[in-house]
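Just dropping this structure here.
Per-chain numbering from 1; labels A, B and C assigned in written order.
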Amino acid sequence: MKLIIAIIHDEDALKLVKNLTEQGYRVTKLASTGGFLRSGNTTLFIGIEKEKVDHVIEIIKDQCKSRKEIQPAPTPMIGNSSMFITYPIEVNVGGATIFVVDVDRFEKV
Amino acid sequence: MKLIIAIIHDEDALKLVKNLTEQGYRVTKLASTGGFLRSGNTTLFIGIEKEKVDHVIEIIKDQCKSRKEIQPAPTPMIGNSSMFITYPIEVNVGGATIFVVDVDRFEKV
Amino acid sequence: MKLIIAIIHDEDALKLVKNLTEQGYRVTKLASTGGFLRSGNTTLFIGIEKEKVDHVIEIIKDQCKSRKEIQPAPTPMIGNSSMFITYPIEVNVGGATIFVVDVDRFEKV
(Lines give C-alpha, C1' and ligand atoms only; values in the text may rest on other atoms or scores of the structure.)
Protein backbone atom coordinates (compact mmCIF):
# COMPACT_ATOMS: atom_id res chain seq x y z
CA MET A 1 0.00 0.00 0.00
CA LYS A 2 1.25 3.45 -0.92
CA LEU A 3 0.14 6.95 -0.07
CA ILE A 4 0.40 9.51 -2.83
CA ILE A 5 0.49 13.05 -1.53
CA ALA A 6 -0.19 15.40 -4.41
CA ILE A 7 -0.11 19.14 -4.02
CA ILE A 8 -1.82 20.72 -6.96
CA HIS A 9 -3.27 24.07 -7.85
CA ASP A 10 -6.84 24.79 -6.90
CA GLU A 11 -7.90 25.37 -10.47
CA ASP A 12 -7.01 21.77 -11.36
CA ALA A 13 -8.50 20.14 -8.27
CA LEU A 14 -12.05 19.59 -9.42
CA LYS A 15 -11.25 17.93 -12.72
CA LEU A 16 -8.44 15.81 -11.25
CA VAL A 17 -10.59 14.50 -8.40
CA LYS A 18 -13.41 13.80 -10.87
CA ASN A 19 -11.06 11.98 -13.22
CA LEU A 20 -9.45 9.86 -10.49
CA THR A 21 -12.81 9.01 -8.95
CA GLU A 22 -14.24 7.95 -12.29
CA GLN A 23 -11.31 5.60 -12.69
CA GLY A 24 -12.04 4.03 -9.33
CA TYR A 25 -9.44 5.71 -7.14
CA ARG A 26 -10.36 6.96 -3.69
CA VAL A 27 -9.17 10.48 -3.18
CA THR A 28 -9.18 12.45 0.03
CA LYS A 29 -9.10 16.18 -0.55
CA LEU A 30 -7.41 18.17 2.17
CA ALA A 31 -7.73 21.85 2.73
CA SER A 32 -6.41 24.32 0.29
CA THR A 33 -4.41 27.37 1.23
CA GLY A 34 -7.36 29.37 0.02
CA GLY A 35 -7.54 33.04 0.58
CA PHE A 36 -6.81 34.58 -2.74
CA LEU A 37 -8.30 33.84 -6.12
CA ARG A 38 -6.24 31.40 -8.18
CA SER A 39 -3.40 31.49 -5.70
CA GLY A 40 -4.29 28.54 -3.53
CA ASN A 41 -3.18 24.96 -3.63
CA THR A 42 -5.01 21.80 -2.76
CA THR A 43 -3.52 18.69 -1.18
CA LEU A 44 -4.80 15.27 -2.16
CA PHE A 45 -4.14 12.03 -0.31
CA ILE A 46 -4.58 8.93 -2.43
CA GLY A 47 -4.12 5.52 -0.83
CA ILE A 48 -3.49 2.82 -3.42
CA GLU A 49 -1.86 -0.49 -4.18
CA LYS A 50 1.78 -0.35 -5.24
CA GLU A 51 1.02 -1.49 -8.79
CA LYS A 52 -1.19 1.50 -9.44
CA VAL A 53 1.22 4.26 -8.47
CA ASP A 54 2.38 4.77 -12.05
CA HIS A 55 -1.14 5.08 -13.35
CA VAL A 56 -2.19 7.63 -10.75
CA ILE A 57 0.92 9.74 -11.35
CA GLU A 58 0.23 9.63 -15.07
CA ILE A 59 -3.30 10.93 -14.49
CA ILE A 60 -2.03 13.71 -12.24
CA LYS A 61 0.52 14.72 -14.87
CA ASP A 62 -2.13 14.76 -17.60
CA GLN A 63 -4.52 16.90 -15.62
CA CYS A 64 -2.18 19.21 -13.78
CA LYS A 65 0.93 19.71 -15.81
CA SER A 66 2.43 23.17 -15.72
CA ARG A 67 1.29 25.15 -18.74
CA LYS A 68 0.79 28.63 -20.09
CA GLU A 69 -2.70 30.01 -20.51
CA ILE A 70 -4.01 33.15 -22.14
CA GLN A 71 -6.25 35.06 -19.80
CA PRO A 72 -8.50 37.89 -20.86
CA ALA A 73 -7.19 41.19 -19.60
CA PRO A 74 -9.04 42.61 -16.66
CA THR A 75 -11.62 45.22 -17.59
CA PRO A 76 -9.85 48.56 -17.51
CA MET A 77 -10.96 51.36 -15.30
CA ILE A 78 -11.98 54.17 -17.58
CA GLY A 79 -11.61 57.60 -16.09
CA ASN A 80 -12.90 60.93 -17.34
CA SER A 81 -10.15 61.80 -19.67
CA SER A 82 -8.09 58.72 -20.21
CA MET A 83 -8.53 55.29 -21.66
CA PHE A 84 -6.26 52.28 -21.47
CA ILE A 85 -5.83 49.63 -24.07
CA THR A 86 -5.45 46.23 -22.44
CA TYR A 87 -3.94 43.01 -23.73
CA PRO A 88 -4.66 39.43 -22.77
CA ILE A 89 -2.08 38.14 -20.30
CA GLU A 90 -0.14 34.89 -20.56
CA VAL A 91 -0.04 33.20 -17.16
CA ASN A 92 1.48 30.02 -15.78
CA VAL A 93 -1.11 27.64 -14.42
CA GLY A 94 -1.06 24.12 -13.10
CA GLY A 95 1.90 22.17 -11.82
CA ALA A 96 2.00 19.49 -9.15
CA THR A 97 4.34 18.26 -6.45
CA ILE A 98 3.97 14.54 -5.80
CA PHE A 99 5.34 12.47 -2.93
CA VAL A 100 4.86 8.71 -2.76
CA VAL A 101 5.33 7.16 0.67
CA ASP A 102 4.97 3.66 1.95
CA VAL A 103 1.91 2.90 4.07
CA ASP A 104 2.12 0.39 6.92
CA ARG A 105 -1.56 0.28 7.37
CA PHE A 106 -4.66 1.77 5.81
CA GLU A 107 -8.10 1.88 7.36
CA LYS A 108 -11.41 3.28 6.24
CA VAL A 109 -14.01 3.35 8.98
CA MET B 1 7.93 5.80 15.63
CA LYS B 2 4.84 5.98 13.45
CA LEU B 3 2.80 8.81 12.04
CA ILE B 4 -0.93 8.32 11.93
CA ILE B 5 -2.63 10.57 9.41
CA ALA B 6 -6.34 10.58 10.13
CA ILE B 7 -8.80 12.43 7.97
CA ILE B 8 -12.04 12.80 9.84
CA HIS B 9 -15.16 14.87 9.57
CA ASP B 10 -15.19 18.26 11.23
CA GLU B 11 -18.10 17.39 13.45
CA ASP B 12 -16.04 14.64 15.12
CA ALA B 13 -12.81 16.59 15.47
CA LEU B 14 -13.38 18.26 18.81
CA LYS B 15 -14.38 15.16 20.73
CA LEU B 16 -11.69 12.98 19.11
CA VAL B 17 -8.89 15.43 19.88
CA LYS B 18 -10.19 15.80 23.44
CA ASN B 19 -10.36 12.03 23.88
CA LEU B 20 -6.87 11.39 22.46
CA THR B 21 -5.35 14.21 24.50
CA GLU B 22 -6.93 12.95 27.71
CA GLN B 23 -5.34 9.58 27.06
CA GLY B 24 -1.94 11.18 26.67
CA TYR B 25 -1.56 11.30 22.90
CA ARG B 26 -0.17 14.35 21.18
CA VAL B 27 -2.33 15.40 18.31
CA THR B 28 -1.58 18.01 15.69
CA LYS B 29 -4.67 19.35 14.03
CA LEU B 30 -4.21 20.51 10.48
CA ALA B 31 -6.53 22.69 8.55
CA SER B 32 -9.93 21.56 7.55
CA THR B 33 -11.41 21.99 4.12
CA GLY B 34 -13.91 24.32 5.69
CA GLY B 35 -16.16 26.34 3.54
CA PHE B 36 -19.51 24.73 3.86
CA LEU B 37 -21.38 23.80 6.98
CA ARG B 38 -20.86 20.17 7.98
CA SER B 39 -19.10 19.40 4.77
CA GLY B 40 -15.51 19.91 5.83
CA ASN B 41 -12.92 17.44 6.95
CA THR B 42 -10.10 17.79 9.43
CA THR B 43 -6.70 16.17 9.19
CA LEU B 44 -4.91 15.01 12.31
CA PHE B 45 -1.26 14.04 12.58
CA ILE B 46 -0.47 11.81 15.52
CA GLY B 47 3.12 10.79 16.13
CA ILE B 48 3.36 7.72 18.36
CA GLU B 49 5.34 4.65 19.27
CA LYS B 50 4.67 1.57 17.17
CA GLU B 51 3.05 -0.32 20.05
CA LYS B 52 0.33 2.27 20.40
CA VAL B 53 -0.91 2.33 16.82
CA ASP B 54 -3.68 -0.18 17.53
CA HIS B 55 -4.94 1.76 20.50
CA VAL B 56 -5.09 5.07 18.64
CA ILE B 57 -6.89 3.49 15.69
CA GLU B 58 -9.38 1.95 18.09
CA ILE B 59 -10.09 5.36 19.61
CA ILE B 60 -10.53 6.93 16.18
CA LYS B 61 -12.94 4.17 15.18
CA ASP B 62 -14.94 4.61 18.37
CA GLN B 63 -15.28 8.34 17.99
CA CYS B 64 -15.59 8.70 14.24
CA LYS B 65 -17.20 5.63 12.82
CA SER B 66 -19.59 6.19 9.95
CA ARG B 67 -23.15 6.28 11.24
CA LYS B 68 -26.63 7.54 10.50
CA GLU B 69 -28.08 10.42 12.45
CA ILE B 70 -31.53 11.95 12.55
CA GLN B 71 -31.42 15.66 11.93
CA PRO B 72 -34.31 17.98 12.53
CA ALA B 73 -35.75 19.21 9.27
CA PRO B 74 -34.85 22.74 8.29
CA THR B 75 -37.54 25.29 9.13
CA PRO B 76 -39.76 25.52 6.09
CA MET B 77 -40.35 28.73 4.23
CA ILE B 78 -44.02 29.52 4.59
CA GLY B 79 -45.51 31.54 1.79
CA ASN B 80 -48.86 33.28 1.60
CA SER B 81 -51.00 30.44 0.50
CA SER B 82 -48.99 27.31 0.98
CA MET B 83 -47.50 25.37 3.83
CA PHE B 84 -45.07 22.50 3.78
CA ILE B 85 -44.90 19.66 6.17
CA THR B 86 -41.30 18.73 6.88
CA TYR B 87 -39.78 15.53 8.19
CA PRO B 88 -36.54 14.94 10.04
CA ILE B 89 -33.79 13.81 7.69
CA GLU B 90 -31.53 10.81 8.16
CA VAL B 91 -27.98 11.77 7.26
CA ASN B 92 -24.66 9.96 7.15
CA VAL B 93 -22.12 11.46 9.51
CA GLY B 94 -18.65 10.52 10.62
CA GLY B 95 -16.24 8.20 8.91
CA ALA B 96 -12.46 8.33 8.88
CA THR B 97 -9.60 7.57 6.52
CA ILE B 98 -6.47 6.47 8.35
CA PHE B 99 -2.93 6.10 7.01
CA VAL B 100 -0.10 4.81 9.17
CA VAL B 101 3.39 5.61 7.92
CA ASP B 102 6.80 4.95 9.32
CA VAL B 103 8.66 7.92 10.79
CA ASP B 104 12.43 8.14 10.49
CA ARG B 105 12.66 10.97 12.91
CA PHE B 106 10.37 13.00 15.09
CA GLU B 107 11.20 16.34 16.66
CA LYS B 108 9.27 18.72 18.83
CA VAL B 109 10.99 22.08 19.24
CA MET C 1 14.70 11.13 -0.68
CA LYS C 2 12.94 12.23 2.48
CA LEU C 3 9.82 14.21 3.18
CA ILE C 4 9.94 16.59 6.10
CA ILE C 5 6.50 17.48 7.41
CA ALA C 6 6.83 20.52 9.63
CA ILE C 7 3.89 21.96 11.49
CA ILE C 8 4.75 25.43 12.63
CA HIS C 9 2.92 28.46 13.90
CA ASP C 10 1.58 30.90 11.36
CA GLU C 11 3.61 33.76 12.71
CA ASP C 12 6.84 31.94 11.84
CA ALA C 13 5.79 30.70 8.42
CA LEU C 14 6.83 33.64 6.29
CA LYS C 15 10.38 33.99 7.60
CA LEU C 16 10.97 30.21 7.64
CA VAL C 17 9.82 29.73 4.07
CA LYS C 18 11.92 32.73 2.99
CA ASN C 19 14.97 31.38 4.81
CA LEU C 20 14.63 27.84 3.41
CA THR C 21 14.02 29.12 -0.11
CA GLU C 22 17.06 31.39 0.02
CA GLN C 23 19.16 28.38 0.95
CA GLY C 24 17.87 26.48 -2.04
CA TYR C 25 15.24 24.26 -0.49
CA ARG C 26 11.90 23.74 -2.15
CA VAL C 27 9.08 24.21 0.27
CA THR C 28 5.41 23.48 -0.29
CA LYS C 29 3.18 25.40 2.05
CA LEU C 30 -0.09 23.70 2.90
CA ALA C 31 -3.11 25.33 4.36
CA SER C 32 -3.12 26.71 7.83
CA THR C 33 -5.83 26.13 10.36
CA GLY C 34 -6.59 29.81 10.11
CA GLY C 35 -9.62 31.20 11.75
CA PHE C 36 -8.38 33.02 14.77
CA LEU C 37 -5.65 35.57 15.06
CA ARG C 38 -2.29 34.06 16.06
CA SER C 39 -3.83 30.71 16.77
CA GLY C 40 -3.33 28.99 13.45
CA ASN C 41 -0.64 26.63 12.33
CA THR C 42 0.92 26.10 8.95
CA THR C 43 2.09 22.80 7.51
CA LEU C 44 5.15 22.68 5.30
CA PHE C 45 6.18 19.78 3.09
CA ILE C 46 9.86 19.76 2.19
CA GLY C 47 11.18 17.07 -0.12
CA ILE C 48 14.96 16.69 0.17
CA GLU C 49 17.90 14.37 -0.10
CA LYS C 50 18.70 12.31 2.96
CA GLU C 51 21.97 14.14 3.62
CA LYS C 52 20.21 17.45 4.04
CA VAL C 53 17.66 16.46 6.67
CA ASP C 54 19.86 17.67 9.52
CA HIS C 55 20.41 21.04 7.94
CA VAL C 56 16.73 21.65 7.29
CA ILE C 57 15.78 20.65 10.83
CA GLU C 58 18.45 23.01 12.17
CA ILE C 59 16.95 25.87 10.15
CA ILE C 60 13.43 25.06 11.38
CA LYS C 61 14.67 25.00 14.98
CA ASP C 62 16.44 28.34 14.57
CA GLN C 63 13.44 30.07 13.07
CA CYS C 64 10.60 28.46 14.99
CA LYS C 65 11.80 27.45 18.40
CA SER C 66 9.34 27.89 21.22
CA ARG C 67 9.99 31.17 23.02
CA LYS C 68 8.42 33.83 25.17
CA GLU C 69 7.60 37.22 23.75
CA ILE C 70 6.42 40.44 25.31
CA GLN C 71 3.33 41.74 23.61
CA PRO C 72 1.94 45.19 24.08
CA ALA C 73 -1.29 45.08 26.02
CA PRO C 74 -4.43 45.56 23.98
CA THR C 75 -5.75 49.10 24.04
CA PRO C 76 -8.22 49.28 26.88
CA MET C 77 -11.79 50.26 26.39
CA ILE C 78 -12.25 53.46 28.28
CA GLY C 79 -15.75 54.06 29.56
CA ASN C 80 -17.28 57.16 31.01
CA SER C 81 -16.25 56.79 34.55
CA SER C 82 -13.56 54.17 34.66
CA MET C 83 -10.08 53.66 33.34
CA PHE C 84 -7.96 50.53 33.24
CA ILE C 85 -4.25 50.30 33.54
CA THR C 86 -2.88 47.64 31.23
CA TYR C 87 0.38 45.73 31.25
CA PRO C 88 2.30 44.08 28.46
CA ILE C 89 1.64 40.36 28.33
CA GLU C 90 4.22 37.61 28.09
CA VAL C 91 3.08 35.00 25.56
CA ASN C 92 4.46 31.74 24.23
CA VAL C 93 5.10 31.86 20.53
CA GLY C 94 6.68 29.52 18.03
CA GLY C 95 7.31 25.84 18.38
CA ALA C 96 7.35 23.19 15.68
CA THR C 97 6.43 19.54 15.26
CA ILE C 98 8.60 17.79 12.71
CA PHE C 99 8.12 14.38 11.10
CA VAL C 100 10.66 12.92 8.67
CA VAL C 101 9.38 10.14 6.46
CA ASP C 102 10.97 8.15 3.70
CA VAL C 103 9.88 8.96 0.15
CA ASP C 104 9.68 6.21 -2.46
CA ARG C 105 9.28 8.64 -5.26
CA PHE C 106 9.17 12.36 -5.80
CA GLU C 107 7.85 14.14 -8.86
CA LYS C 108 7.50 17.77 -9.80
CA VAL C 109 5.41 18.31 -12.93
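Operating definition for what follows: a residue touches a chain if its C-beta (ideal position, glycine included) is under 8 Å from a C-beta of that chain, and two chains touch if they have at least 3 such contacts.
What you see is a predicted model; the values in this text were computed from it and never measured.
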Topology of the chain contact graph, where touching chains are joined (line, ring, star, complete, other): complete
Fitted rotation between chain A and its twin chain B in degrees, CA, nearest 5: 120
Geometric centre distance via CA averages, chain C-chain B, whole Å: 25
Shared interface positions of chain B, touching two or more other chains: 30-32, 34, 101-102
Residues of chain B defined as touching chain A within the complex: 2, 5, 7, 30-34, 41, 43, 53, 57, 60-61, 64-66, 95-102
Residues on chain B engaged by chain C in the complex (per definition of touch): 3, 26, 28-32, 34, 45, 47, 101-109
